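Here come two complexes built around subunit A, the first alongside subunit B, the second alongside subunit C.
Take a look at the complex of A and B:
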């Protein structure tokens, strides 16, 4: 199945940044090309005080290779979905790695609605914590989206540091995740709230496993709104702090059982309306009492435990929002400036925000930053 | 014997999300984004030679009738008209293609907004088969290209909920006003 929900899209695309990536090679609309690229392409750099006319800017963008398939080299297949195939690739312009998502437009019903929604929403979005769409190439019967290439996801990252992350990195990653989700408001701004009405059964299993689903959805709630994601955020906070998933259930019943055993079986008080829920009643769960989270996540400080608790509330109206959680006491130690950086800037643009060495990390820093400049020279000197 | 199954698969849809409607940033953002999707200039004089204002009215009325007949989501019609105007403001078009263009705009707008988009076949039927499915699919790519895949336009319809939730109105009046807005 395909994912149509903006919230989910942003959730998937939320990336954990490790290096401050320059975002200059972005969408052609307001692009400023780095001088070295212009030089490389033997183009004259435009006079700084004289803005390019729209026409000449468009022409020059096309000249240097934007919107052209030849600009990208395919390196290998990363995955295949029902309407798209994703390849790893390299841009001949910047030498950066990219992800090429090829969408087939020839279907019985023409261009897939998921493709139309994805492209038009991403074009309107620019946020340091949402994956950047660099280029769009429209050939005869195929549309190729060029994304920045993210070298590893959270799971790979945790594997690399043997599941022991520095708690200060947990905090920075959490902040980035919540920033991306708070930015999700922008996605919804574009009048696409309707796209949220896609049933949960069409979610691709790989993206939303049962593990991150809140009990209200597991119990058949069709109300799809932002608190759904916040439950998942809580699960991820736990996973980063402990190195293991919080509720790794393989069936709906097992998932609910794991949740209730830790958080307590819901009551009318903790989850209004639950006693009338037929599905809940039919499971006949034992009456578990809520356990103290601190015993399960000993490495998380008091504020962290408080944040985790408010993320994992049964009552969706009481569950903390992405916006509010950015202001939670847990993040006070990151300083005040982190709230005033522009959406398009990375949190690492602040000099005080730096990642620490993870206690469990393997051999060298290079394995975390295979694509960063760091360590590259050292490797080259070996040869 | 044919068995007819009259139950329709229930459509699962989102409920109002307070984090969208109670946040002023969304309204501000809508206002900023709206500008980017306004059709440029008086296109009847500058761009179109063949198409006259009354023809746009005829095709828009037909589009509205299709939306009403198909009980489309309310956002579909204004979005389709936004695509129509933006296309006409950019590309000189012969009047014989106007209904085809209107159909493509409905097709695209319903793909953006509806849980179950209008099918190509059904839309062609509404034109009394004056256009073919292949024409519709070919033109879909043309329109997407000309509009540069910028399909997430903001229309006046998108503001209604935001304004309604700011008005001090009793619940029954809100329903009435929403209906007439």
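Take a look at the complex of A and C:
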């Protein structure tokens, strides 16, 4: 259930708590009460201290500066796609950094469906491990989405530590990733996830990389469900632990080939129904035997290898779920408290959870390898 | 509790031509269902369209002459939200197959108004969502009963 307790007081507390956590917030998100909650508020306390009416709330929000382009200062371009350009920016309201995603609206068909899906899904997701959408500015020419600013994505992070991450950081990042997915899973149960097929284009219109796709999808399964994401999570665990992508194929056939060479060519035992799959039969892959993962990820401990193995199962019914993996033995060392923090709080709100210095971090290595900018654009984007 | 129920009853409009009556709303929904049948889209789309329409009509006062334009634009937004890209009807197709009598620019303007009024909150649980959940529950219950019947 994403609906919090319907009192203004609890919203204010929630707001302050989030600021204390000092998550990078540009604007206190909770000022923007969702209409359902506002409706509820009006229904439950119609008497003396009636909350703001919709009209006056709208007026006051725009007085504050919500929904106005003037409220944000552009600082520099972060990236560009065919569908949108992302700028780093600052909110004049809070002086915090934000990411401004500008979507051009030359569209004949009105608001692009990708933007509609992105916004309406994100508005329903409030979780410390899912990027927060703070504001929407809709003008004739342009739609600007204001997101919380994130220092860097995983790809930049890995580049920055020269692909050698501390194994304890790998564990914390994995936990955060799975926490984000588990949250989404809860919402997906209520039918919020639209996708019935796997998109081939991202929101920014990039072609999605094949590297994180499970074999069932590569072999034509159109059933979009959470086990699909879990395969990708396994690929990311490997990539964080080794600094290399697990299956960097550039075509579907090559991708499958890389997977089968390491994990073994699927059989009726490991992947029920595979022998009846026309596409699989047409490729005529050799019969590879599964290799021991430990030889490929020596830095990962036994529990980590076990988690990786259950993430990379061919049989989607046996592949571990996000919820179950949060309870996996691999994460036992993070302590028991990590399971009881609220969705909206960061795992770093616990004293014991801290990031370690990554062995390969630039500042500690720069004096030794001043010019080894290891292939910056080598890695494709994950999502 | 009584208050809770009372709040859900749609208000009677003071004069017929000033606001959209429940009857006119129902008629628009039936018309959308027709359009939906002709275009053969997902059932999710029609359910979401009706939900968007009702939520929009609850926030604004609209004249009945705009109802068709509002309804077809809600339908367009619902389709954009829940249909596959390749099955998404274009604005032109939607206008011609529904014979709603609106122009493209009217629909585009209406789209902005609806998105703004609903602050882009299009995704919501619809009756169909609950049907899916109940359906899944009935099936899992059946299996449990069946198994316990066998063992007991």
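Here, the second predicted complex is superposed on the first by the 274 of 383 C-alpha atoms of A that agree within 3 Å, B and C clash if a C-alpha of one lies under 4 Å from a C-alpha of the other, contacts with A are read in each partner's own complex, and residues count from 1 in each chain.
The criterion applied here is as follows: a contact is a pair of C-beta atoms (placed from the backbone, for glycine too) under 8 Å apart; a residue touches a chain by one contact, two chains touch by 3 or more.
From a predicted model like this one, the values you see are computed outputs, not experimental measurements.
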Which partner, subunit B or subunit C, touches more subunit A residues: B
First, second, both or neither for A:69, with subunit B first and subunit C second: neither
Which of subunit B and subunit C A:138 touches, first, second, both or neither: both
Touched partner set for A:123, first subunit B, second subunit C, both or neither: both
Touched partner set for A:113, first subunit B, second subunit C, both or neither: both
Touching partner for A:252 - first (subunit B), second (subunit C), both, neither: neither
First (subunit B), second (subunit C), both or neither touched by A:321: first
Subunit B and subunit C footprints on subunit A, overlapping residues: 108-111, 113, 116-117, 119-121, 123-124, 136, 138, 190-192, 194, 196-197
Residues of subunit A touching subunit C in the complex: 32, 34-35, 43, 46, 54, 108-111, 113, 116-117, 119-121, 123-124, 136, 138, 190-192, 194, 196-197
Touching residues on subunit A, where the partner in the complex is subunit B: 105, 108-111, 113, 116-117, 119-121, 123-124, 136, 138, 143, 185-186, 188-200, 222-226, 321, 323
Parts of subunit C lying in touch with subunit A, wherever the complex brings them together: 3-4, 7, 44, 55, 59, 76-77, 80-82, 84-85, 88, 90-91, 107-108, 111-112, 115-116, 118-123, 125-126, 128-129, 132-133
Touching residues (chain side subunit B, partner subunit A) in the complex: 11-15, 17-20, 23, 25-26, 29-30, 33, 73, 75, 79, 107-108, 111-115, 117, 119-120, 136-137, 140-141, 144-145, 149-155, 157-158
